[in-house]
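See structure below.
As written, the chains take the letters A, B and C, and residue 1 is the first residue of each chain.
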Amino acid sequence: MGDLCDREKNTNVRISLPAVCFVWQIAMIILFGVFIRYNEESSPFWIEHRKANNISSDIENDFYFRYPSFQDVHVMIFVGFGFLMTFLKRYSFGGVGFNFLIAAFGLQWALLMQGWFHSLDYSDGKIKIGVENLINADFCVAGCLIAYGAVLGKVSPVQLMVLTLFGITLFAVEEYIILNLIHARDAGGSMVIHTFGGYYGLSISWMLYRPNLSQSNRLQGSVYHSDVFAMIGTLFLWMFWPSFNSAITDHGDGQHRAAINTYLALASTVLTTVAISSLFQKHGKLDMVHIQNSTLAGGVAVGTAAEFMLMPYGSLIVGFCCGIISTLGYIYITPFMEKHLKIQDTCGIHNLHAMPGVIGGVVGAITAAAASEAVYGHEGLINTFDFEDAFKNMTPTRQGGHQAAGLCVAICFGVGGGIIVGCILRLPIWGDPADDNCFDDEPYWELPDDEESIPPVLQYNNHMRNKDV
Amino acid sequence: MGDLCDREKNTNVRISLPAVCFVWQIAMIILFGVFIRYNEESSPFWIEHRKANNISSDIENDFYFRYPSFQDVHVMIFVGFGFLMTFLKRYSFGGVGFNFLIAAFGLQWALLMQGWFHSLDYSDGKIKIGVENLINADFCVAGCLIAYGAVLGKVSPVQLMVLTLFGITLFAVEEYIILNLIHARDAGGSMVIHTFGGYYGLSISWMLYRPNLSQSNRLQGSVYHSDVFAMIGTLFLWMFWPSFNSAITDHGDGQHRAAINTYLALASTVLTTVAISSLFQKHGKLDMVHIQNSTLAGGVAVGTAAEFMLMPYGSLIVGFCCGIISTLGYIYITPFMEKHLKIQDTCGIHNLHAMPGVIGGVVGAITAAAASEAVYGHEGLINTFDFEDAFKNMTPTRQGGHQAAGLCVAICFGVGGGIIVGCILRLPIWGDPADDNCFDDEPYWELPDDEESIPPVLQYNNHMRNKDV
Amino acid sequence: MGDLCDREKNTNVRISLPAVCFVWQIAMIILFGVFIRYNEESSPFWIEHRKANNISSDIENDFYFRYPSFQDVHVMIFVGFGFLMTFLKRYSFGGVGFNFLIAAFGLQWALLMQGWFHSLDYSDGKIKIGVENLINADFCVAGCLIAYGAVLGKVSPVQLMVLTLFGITLFAVEEYIILNLIHARDAGGSMVIHTFGGYYGLSISWMLYRPNLSQSNRLQGSVYHSDVFAMIGTLFLWMFWPSFNSAITDHGDGQHRAAINTYLALASTVLTTVAISSLFQKHGKLDMVHIQNSTLAGGVAVGTAAEFMLMPYGSLIVGFCCGIISTLGYIYITPFMEKHLKIQDTCGIHNLHAMPGVIGGVVGAITAAAASEAVYGHEGLINTFDFEDAFKNMTPTRQGGHQAAGLCVAICFGVGGGIIVGCILRLPIWGDPADDNCFDDEPYWELPDDEESIPPVLQYNNHMRNKDV
């Protein structure tokens, strides 16, 4: 196979990949040195201060409210997204390995970008970090990993690093506009993470369209065990999604309610995904692509509204619809987009993130607009929607409008940013693979001498030859 | 292989599976709309009320006591049970996929059924749910997943949905009788979950006996990598079992003690399982079936007594015995049951759940009967056994009797319910596979074109042919 | 293959393995019966006492401070270490299975050994255990699992049990000397766990040197899917390392800070590992061995200093250096050690644990020596370094010296203990495999009839023959 790899393009990243990794990591160290410090809850310096403020018990430290959720989110980012992308027969190393690389880089850059917008201490110009910043950094990374799903198997690791650098930057700006300027609420990131990440990835994939790819798609499929590996990713995403949507919601009832709503929406999605998958296949057989992906759509779509009073049956309805829409998307929309819109979407992120994300934004806007003191209580309404300070005069109806505005911003940033970054990634300097080498780990990974990958008769001959020796 | 699949029976579930999924999910939405609401700790409406009641801190919300345990239990249900059932060489999709489907349905139905019995607010006729309800729903589902283990590979997904619907219903009734009417304690569900689930599954398998199955058991075994997949399930069950047994015990020392006891019992089981497995095989080789399953028996058997003062050495003794009994069960009892009792038990749930569950019930009864104020303290005894209200006059000795009565109820419900549901599942309308198609994903799943599954010489020819094209 | 297995050595452990398991487990039961009891926080007996001491809320129970971290550590021990060792093509059962066995035994013995040194209640001569003891037992086991990495595939399960028995014993003594007598701090165990475990394993491997092993190393490599399995181990270790380093640090800011530092160090390590891996391979291809192992080195190296004020940029620098050193170790030092020092290190624990552990000890000493009240605050300094009671007059500079002394003790115990235990393991009674059988599950496991493992042409013939029957 070695002779194939240089047929058209040079995929050697021996200079560019180490260069990018070293330069960016050194930049991170310098910027962290200048800007990042521990916050009050992670520094011993403030013990006397905490005592003076009557925070008498360590258990009130934000660490204990958020760390279990953080760890669940962390698992989703690295095992969830990583293993979900191992489904291709010869791109499992790239799926889980490059996911690991860009997430590890992205979270550092996200701590800085989000820190400047949200955690800057103006008294000394430092960003003060704690566990909530770690969660937000992981969230920020999720947007880029979603985008990776669209271009899986078709880009080089250097391109992925560039995609991530710009993706994190755009994310932080977009998030600041949506959450702080527009004052939309988006606990689980239906808009901020999934809509943005989805359209960002699809636009990049559109810019990197490969017209002849389908002719060499010998490797664009799964094998039995790679599908089982992908189920590891699916299940860890599915199980820990309640933690994702509740990780940064209000302490107490806010986190509690967000977890319940997400749990229910996801359960409902599984049933309609199975139903549609079976109904639209000949002989009623289930398709692993749907089970691996569409079962998660409910978690995406309930992201914005999870902390609101969506009610348990509301969560079930959202999950019900998203299972149907997402599965139909895999059956009809993905082939349509590839054929007519020139968008090649390897993992089908349009069906799993972009569409459900938009639905989530709309559900959030409606749920917010329908809020009332009768349901939330007086203080509950203020707490849940953060109607304080500059937003004292907000009403639920207006909040609904703001939510809708936030959704539009997310879409614009995704599409616009993706087109710009896509242009950058088309430069012929990044070591991306030729069509023949797509979906193949061979260009970027030392592969073990797997006997399985050799044609069997040759394999047998090899076997005999080894014995003779 | 396609021609085999319709040889005797029609396994096409294209109408029945979507119909069942849609109808039941819509029913769930309606019932949730009528009955299910957030409880005080997951609703913002009660903020003022909580403040007035001096619950000043959000950290006292039950969410923070139980959510980490809930997430561990959730992992056990979906990854633990799911991957434990991937060990068959060509039924990994069905193992993890159908587990996913029936768990997602079951937990919704369980929230309703258990809610009516335990969480109904009589003031407005609504079920008020919080994180403890989610844990209990997962527990309830576990009973059905255990039953699935007995019939793994021999039933259709529609049959599994029926098995689950009735299983959850029976579970909720049985649980209400054991815990509320009989006032037995069963924190980790040795009786309520494992004994019931085990006998329920075995009875169903008995009703669905396939006399000629062993002649076509070409697929009833593992391959190397499917055994490694199954170890993922084993380990997540093993590691998180302390959370399972402590998830709904008393706050504070109750949860603490249940986790310690389970941790110790499981450690002890591993050693005796290895010892027996090696001792009873020629050449002293270990059998993966034992390592995957019997190592968990200690967790089952310590379920009831985990919250009592079983003492650390007591936990070790329970684990010690169960490792021996469970492994011997795989070696002697499973073949005996198949040959003489006409019970085909694919995963050996008799050895992993039914027998250890009964042992757990007995251990619980003895430990309860032996309780005294000298060991528990005055308040400790009342708290641990809930000797309050209508049960003010209970004594430890009587409690031991009640525990034993609870065990009998669990067995009766399991056997009786299993026979009735087995009759229903024998109706020729469910699309179950022919003997030839058992343990094969082919009837219900679109399978990838795995080169491995084609005879190698043909494979080589195919390979050459592809190259010519 | 069966005929190979007895060619030179008898690997039958049918008597010795069950004997060791039974005898040691029975010894554990007796010793637990004599010595181990629940502590105040896991026993109901102390309810009144707790109330009297104004510990009014159950949430202050140490269980809620530590249990989520404990579960993460538990996952690292069983899934993390276990699956990291599944990378060999035919030793996955042994990797994950023997890891399971020795961890389950080791944690029991560790509870006793550490209990005698740290948790003995002198009033009644009993060891009182709670969740912190469980974490420490898991830590103690980690040292032995690290050592297992060096001898993976070359020893019998009986030898591993012996390795573990002595390893735990040495660990507990060494830990007592370093933490209590020398008063060094070592929250994440860079010295106590990784340095000790690394040199212990390397010394044993040196004593068990097999000069002709490289000639029969047909099996000393991975296949595609075994590398993906190993990534499960890598990622769970990587994700949960912040919990490992923070699990037993001070409540509140201590745990918070340790988690942040570890999170950052690990992220930084990933980038430099990728850079070096790509830079030193022809064609710039990444090597899975580096990605699986060196990405974790930052977590090891930040272990001691994680609870100090290492500062976020300090953590990044530590991770940066360790990624480079560890990866270069795999490329240059491991082959050198095998060729010139006669140390065969299957998993490369020298690069992942020994060297980064020593770096961690040095970083800890420097960070401690540089501590000041200006950074930590007055109370913060005392709390963080535990300058109380007998150590009231300690200064940061002296503490730095004590840290360095602790590191030396860890190395001495590792090397010395390893040589002694290595001598014991050379006795010809343990059923270890011949060179031909190394890295092969065949001697100790019943293997499934994997068609893959049969030469393909024979496979095809078998297939036909089965059809004729």
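Rule of thumb we're sticking to: a residue touches a chain if its C-beta (ideal position, glycine included) is under 8 Å from a C-beta of that chain, and two chains touch if they have at least 3 such contacts.
Protein identities per chain, from UniProt: A, B, C = Ammonium transporter AmtB-like domain-containing protein.
Given the structure is predicted, the values throughout are model-derived calculations rather than measurements.
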Pairwise touch network: line, ring, star, complete, or other: complete
Superposing rotation of chain A relative to chain C, computed on C-alpha atoms, to nearest 5°: 120
Averaged-CA centre spacing for the pair chain B and chain A, given as whole angstrom: 32
Chain C, residues touching no fewer than two other chains: 59, 64, 68, 225, 232, 452, 456-457
Of chain C, residues touching chain A in the complex: 59-60, 64-65, 68-69, 72, 89, 218, 221-228, 231-232, 235-236, 238-240, 242-243, 251-257, 259-260, 263-264, 266-268, 270-272, 274-276, 278-279, 281-288, 291, 295, 309, 311-313, 316-317, 320, 375-381, 383-384, 452, 455-457
Of all residues in chain C, those that touch chain B in their complex: 12-15, 17-18, 21-22, 24-26, 28-30, 32-33, 36-38, 41-48, 57-59, 61-64, 67-68, 71, 74-75, 78-79, 82-83, 86, 90, 92-93, 96-97, 100-101, 104-105, 107-108, 129-131, 134, 157, 225, 229, 232, 443-453, 456-457, 459-460, 463-464, 466
